[in-house]
Amino acid sequence: MTQNNHRFVLGANQYGKAEVHVVKITRDSDRHEIEDLCVTSELRGDFDSAYLDGNNEHIVPTDTQKNTVFGLARNGIGSPEGFLLKLGAHFISEFDWVSGGRWEAEQYSWDRIQSHGAAHDHSFVQNRQETRTAVLVKDGGTDHVFGGLTNLTVLKSTESGFEGYPKDTYTTLEETGDRILSTDVTARWRYNTTKVDFNAVYASVKALFLEGFAEKYSSALQQTLFEMGSKALAAHPEIDEIKFSMPNKHHFVVDLSPFGQDNPNEVFYAADRPFGLIEATVARDDASEAGNAWEGMAGFC
Amino acid sequence: MTQNNHRFVLGANQYGKAEVHVVKITRDSDRHEIEDLCVTSELRGDFDSAYLDGNNEHIVPTDTQKNTVFGLARNGIGSPEGFLLKLGAHFISEFDWVSGGRWEAEQYSWDRIQSHGAAHDHSFVQNRQETRTAVLVKDGGTDHVFGGLTNLTVLKSTESGFEGYPKDTYTTLEETGDRILSTDVTARWRYNTTKVDFNAVYASVKALFLEGFAEKYSSALQQTLFEMGSKALAAHPEIDEIKFSMPNKHHFVVDLSPFGQDNPNEVFYAADRPFGLIEATVARDDASEAGNAWEGMAGFC
Amino acid sequence: MTQNNHRFVLGANQYGKAEVHVVKITRDSDRHEIEDLCVTSELRGDFDSAYLDGNNEHIVPTDTQKNTVFGLARNGIGSPEGFLLKLGAHFISEFDWVSGGRWEAEQYSWDRIQSHGAAHDHSFVQNRQETRTAVLVKDGGTDHVFGGLTNLTVLKSTESGFEGYPKDTYTTLEETGDRILSTDVTARWRYNTTKVDFNAVYASVKALFLEGFAEKYSSALQQTLFEMGSKALAAHPEIDEIKFSMPNKHHFVVDLSPFGQDNPNEVFYAADRPFGLIEATVARDDASEAGNAWEGMAGFC
Amino acid sequence: MTQNNHRFVLGANQYGKAEVHVVKITRDSDRHEIEDLCVTSELRGDFDSAYLDGNNEHIVPTDTQKNTVFGLARNGIGSPEGFLLKLGAHFISEFDWVSGGRWEAEQYSWDRIQSHGAAHDHSFVQNRQETRTAVLVKDGGTDHVFGGLTNLTVLKSTESGFEGYPKDTYTTLEETGDRILSTDVTARWRYNTTKVDFNAVYASVKALFLEGFAEKYSSALQQTLFEMGSKALAAHPEIDEIKFSMPNKHHFVVDLSPFGQDNPNEVFYAADRPFGLIEATVARDDASEAGNAWEGMAGFC
């Protein structure tokens, strides 16, 4: 490291081990339980000397962080949010110079296989309806806990339109009062407490998102997004705000008239790219401060 | 095209349009139905002059093939296998020089959203438990129809072992009578007739695969594969053979002893690569001839 | 929208069209030029009535945003950063209620094909050494311009070690003074001016990153990251800060001793997951304020 | 295994370890060399008792196959084709009941980093212009060796058209004498001998493909494909046939007339799906027999 480099400063930083894929089988009885998580651990604190001088005396190896995930899993997982809280508390208490961090998990869901009419004791089939996500940000003594989900793909085949928008030189889109509306829901919600039955709230929020998507006429994906978020906030006082990132997955009515056919919204071409993208926050007006806890989460403004 | 090139010959060939993503909504009543397919159409026949002389008079544009998918979908899909049979028959009858082809589909499954305790009429959530696949190969006047599925991910947390294998210089693996067994099932089955209720057989075959995976002790993934195929063949005389391509998705017991912990098959590291790969055919001993209909299907020997 | 929902507020939001893949051929002479970009446009401003009341009178259609990308491309692209500046200025001036936004581009690089010893006039082969990225955030009257790159994969086969780190209960890693160091460089740098020859600076920064990675002994990826950033800042006063997100792509020395072989750092197993992850900022100590311009960028803290 | 299952037979099968990612550093001098391969090993032979009776006495563990890849790599790789020949010979000679198999490799290419104007001794940057592939099929005492490449993306901005094709009810495509032609070249070629300088031939074949793509007017991708194959066969008597699978990556001229702009083939929309797909074989008329060696290769007819 030359003197030259010391003219520049180390700004915000974090480091750790990403995507530790841990599967926990609880086998207290013949009826096994499975928990399947991919965990990322990143530490924040005083690591300047490693960057500036090549001195690693504060660098808790990422390999150690990985081992800790496995070691703590031995004592049970319970919920991704709860497990991250245990992980974070461990590192903060173990190393003086670790003042915070960011811990993240994806959880994959498994259903029991039906065999001869019964749910099997130890055989499972993966359910990919969505991926559950969780994040813990510890910063300045505060625990910011986020629940979330991604890749929950929904579609309504009617009761959606898009009309009344402004036109300019570049407008060629035609208004419609009946179209397909489809999106992959990605959402994260911020809890205002850590005293939560995280699994129960997760199931409820997901169900409310689906209901909010399904039940009303949609004037635009924006309106539907706000409806989905409002329903979840109304039911869950332990949540202060929800951020959504949702593509508008275009389904175009195919013009079959050159082939002598009509097409009354029956045959659609499902396009990949480009796609619409709607990103927005639905919050309580008295939501607690998030500080910089949302930083680094892709696609959330 | 120079004289030079004519020293070489055009061998097996096919061409067409790949991955036409068509969504068909049936809206005869307020209770809509959705069919969601990605279709590939490839023609075989006399196309030599295009390759050798740049003469396109036999080249049915791939754009036309795409349009045909949408046009025929207007009359209903029904099942992916049935739809491919209609597509194939169309091209054979429409163009003299088209003598065969290969048509392929993936079908994505949607469930109705539960809203206020009822299955919604026109709002759906995608179910990614597996992707259904279908292939039609028309060659030499014969229709070879294949059902299939891919990415059906299963796991059993006990009742699986691997013992009694040969050892040599490069053997370090230890025998075990209790391990996790997990795989992503990819399978294709060849029908011996086109007179099939393809949707009903599909549902049955999938259920039998799951049961075959779940119910017996597994001495190796090879044994389990054969069991799964045998169950499906036993129930379905309209199927002559089934080919499987199944990874062995390794779940390694984590050694927690350096941290002073035991690990009685509770905490596993789920590895990505390398993975085992088991590919095999289960067939009737009097199966009909498949000719070259299996050619070009990845991962099937 | 029920009264119920109005208890909640719309927070930060943006929307637009994502991944408009535009290819621009400049054919002023027989020697064509190609520019290949994937552009995302998202608007910020007053869109509350769409979310709250289903009133779209402020919702510039995402389709219009897509058309605008193509229309402006007709007048030339030049550099991704320059093109985004034109896009952003257009939307701000065209619609009163659009007060800012976020525009993003990926650019793909093509080399001329060598044919009979010469670089061809109009035939190209794609070069995937890295993907160039650019972002413009307009917020509160300020233009924040970011250059960047992703997926620049580098490896050094020696002159890297990792020693002197703290040990605890969960530490099993052994120290080494000679290992493989490999990473995929993802970086974004923030310009402090829009008066830049963006293409020239991009080429220079990339070259300096490569040199910074190559030339010194690495005590840890952290030290190497800081070295790479410092070299670029030293050469480019028009850049105020650089954020990196770099995996540590582990290459493990395979233990060949069970097979009677030595392995003096010659045969490595390249692992996928988990991986180390180092994210950090290198900045001038007098860097300008970024406001919230970094928000929503994945993996940057 | 019940008596029931024995009514069915085990057909074609193979098994092994997939995607063993091995990096070999040759460090005989300060100027290191790097070889980076992903290797799959699958054995064929007499494995019936494992499938039918759960008897593993013939099942060489996939873990052992993985270890063998690393052990043989210690003695050098040289070329992917040459390495696969060593791997295959090992398994055939080691285990009586192994009568053949299929071994496959991908090879990733690295360039030396330029540092202070010189190519660095031990620092590399990955070059993703294409991925090199190799396959060895041993069956019935014969070694079928295949070279190949995938994901070589090329584009010509003029000197391509598509005219003179047949029209029917579903034809809406318009003829053009000037369009963009772009494809990702995937090809495999079959050697008629194992006495080959595989690395030199690979470099030559790739260069000839590029030249064949670049230099002539293309009446259709079919014609260009045949030209590319013919050039390689003409130069390389050690190759008997080449199979290509090439998408036609559509670039559509954007209609800018609604915005009052012309578009003389300057601004294109690059589409993802659907895409054309051209698959064909170019061969010597006296090519040796391939048996079933092409089986299981995706997208080759």
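Here the chain labels run A, B, C and D in written order, and each chain numbers its own residues starting at 1.
Throughout what follows, contacts are C-beta pairs under 8 Å (C-beta built on N, C-alpha and C of every residue); 3 or more make two chains touch, one makes a residue touch a chain.
Remember, it's a predicted structure, so these values are computed and weren't measured experimentally.
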**Fill in**
By label, the chains that touch chain A as well as chain B are C, D
**Asked** Looking at B-D and C-D, which one has the bigger number of contacting C-beta pairs?
**Response** B-D
**Message:** Shared numbers divided by all numbers used: is that above or below half for chain A and chain D, i.e. same or different?
**Reply:** same
**Request:** Specify the chain most distant from chain A by Cα centroid.
**Result:** D
**Message:** Can you work out the rotation angle that lays chain B over chain C using Cα coordinates, in steps of 5 degrees?
**Reply:** 180
**Message:** What's the distance between the Cα centroids of chain A and chain D, rounded to whole Å?
**Reply:** 37
**Asked** Measuring from the mean C-alpha position of chain B to the mean C-alpha position of chain D, what distance in angstrom results?
**Response** 22
**Fill in**
Between the Cα centroids of chain C and chain D the separation in whole angstrom comes to 30
**Fill in**
Touching two or more other chains in chain C are residues 20-21, 67, 71, 169-170, 172, 258-259, 272-273
**Prompt:** What residues on chain D touch chain A, complex-wise?
**Reply:** 169-170, 172, 258-260, 272-273
**Item:** Residues of chain B that touch chain A when the two form their complex
**Value:** 20-27, 32, 34, 36, 67, 70-71, 73-74, 110, 113-116, 120, 122-129, 152-159, 180, 207, 210-211, 213-215, 251, 254, 256, 258-259, 261, 263-272
**Complete:** Listed in rising order, chain A residues that touch chain C in their complex are 1, 4-5, 7-21, 40, 42, 44, 47, 50-64, 66-68, 71, 94-95, 102, 162-173, 219-220, 222-223, 225-227, 229-230, 233-234, 241, 243, 247-248, 273-285, 294-301
